[in-house]
Amino acid sequence: MNNLNLSPLKKIEIILEGAHQEFATDLLDRAGVTGYTIVGNLSGKGRHGFHEGHLMFNEDAVLIMIIVAVPGELVEPILEGFSPFFNSHTGVVFISDIQVSRLVKFKS
Amino acid sequence: MNNLNLSPLKKIEIILEGAHQEFATDLLDRAGVTGYTIVGNLSGKGRHGFHEGHLMFNEDAVLIMIIVAVPGELVEPILEGFSPFFNSHTGVVFISDIQVSRLVKFKS
Amino acid sequence: MNNLNLSPLKKIEIILEGAHQEFATDLLDRAGVTGYTIVGNLSGKGRHGFHEGHLMFNEDAVLIMIIVAVPGELVEPILEGFSPFFNSHTGVVFISDIQVSRLVKFKS
């Protein structure tokens, strides 16, 4: 599938309370992220994965998921940027491998 | 990225009719899942992947996606737990590899 | 986990303006996709990944994410099918590896 110009990127999914959306997108902007998609009105409960009890979601809180696709080298600075925030706020961050088609290459 | 303490987990995305949310989250609780996030008000149509015709979604049904991140060894018991349910209800389950940062390690 | 009959598939997540939902699902139907799930009312901003400036989202536009799970050989025709569309419309396509349980095999 070389002709599709698929580029390996990392998808970062950040789930946090909606009240902190602007903080999160500002942080992403400063990290050099060029775009994001937000899924609103999530609900959640409890702890995620290996996360500890202080990451308990309030079931009444409106959660959002911010999705970004970034080159691998941006994962570490983004996670480090969110570190102080997640020390005192609920949330979870998922990282996974994706491929994104370089759609611009399709242009004639 | 050792300093980020990224842990490999499995992400399970369960799409099913919203009417069955409590059944699903109860099953996850009993399987030892410590948290989940729910995306509401999805719509869907038809069959997914290799699934057979009996998994047809009703286009009018309100669907939800329940997202959990679990250690690999929990995938099998969770899928087995949902097996009888999906024999008679529509839905689909996606499993993928993710990494989750052990945010607690960022604490000073 | 052989007994779970997990099948490797590709998950394609297509984010585009909701006004173009029918175009997209028609294209998927013609490509042989047997089902999809749609997450509505997303918001987004800016460019994604390696995408160029012409892929700027209008912050006021209602975005949707169409999720499909397909065999690997369907990825290329689907991306090619969307290529002309994305030359003149905003959006992004993520591709990732997933496993889907062949739930039909659980039947007695």
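Just a few scattered comments:
Per-chain numbering from 1; labels A, B and C assigned in written order.
FYI, contacts are C-beta pairs under 8 Å (C-beta built on N, C-alpha and C of every residue); 3 or more make two chains touch, one makes a residue touch a chain.
This one's a predicted model, so the numbers in the text were calculated from it and none came from an experiment.
Of all residue numbers seen at the chain A-chain C contact, under half occur in both copies; the interface is built from largely non-matching residues.
In this entry, chain B maps onto chain C through a rotation of 120 degrees when their C-alpha atoms are superposed, rounded to the nearest 5.
We define each chain's centre as the mean of its Cα atoms; on that basis chain A and chain C are separated by 18 Å. Counting only residues that touch two or more partner chains, chain A has 39, 41, 96-97.
The part of chain A that touches chain B in the complex is made up of residues 15, 39, 41-52, 54-55, 57, 63, 65, 75-76, 79-80, 83-84, 86-87, 92-97. Residues 1, 4, 6-7, 9, 11, 25, 33-41, 68-71, 96-104, 106-108 of chain C are the ones that touch chain B when the two sit in their complex.
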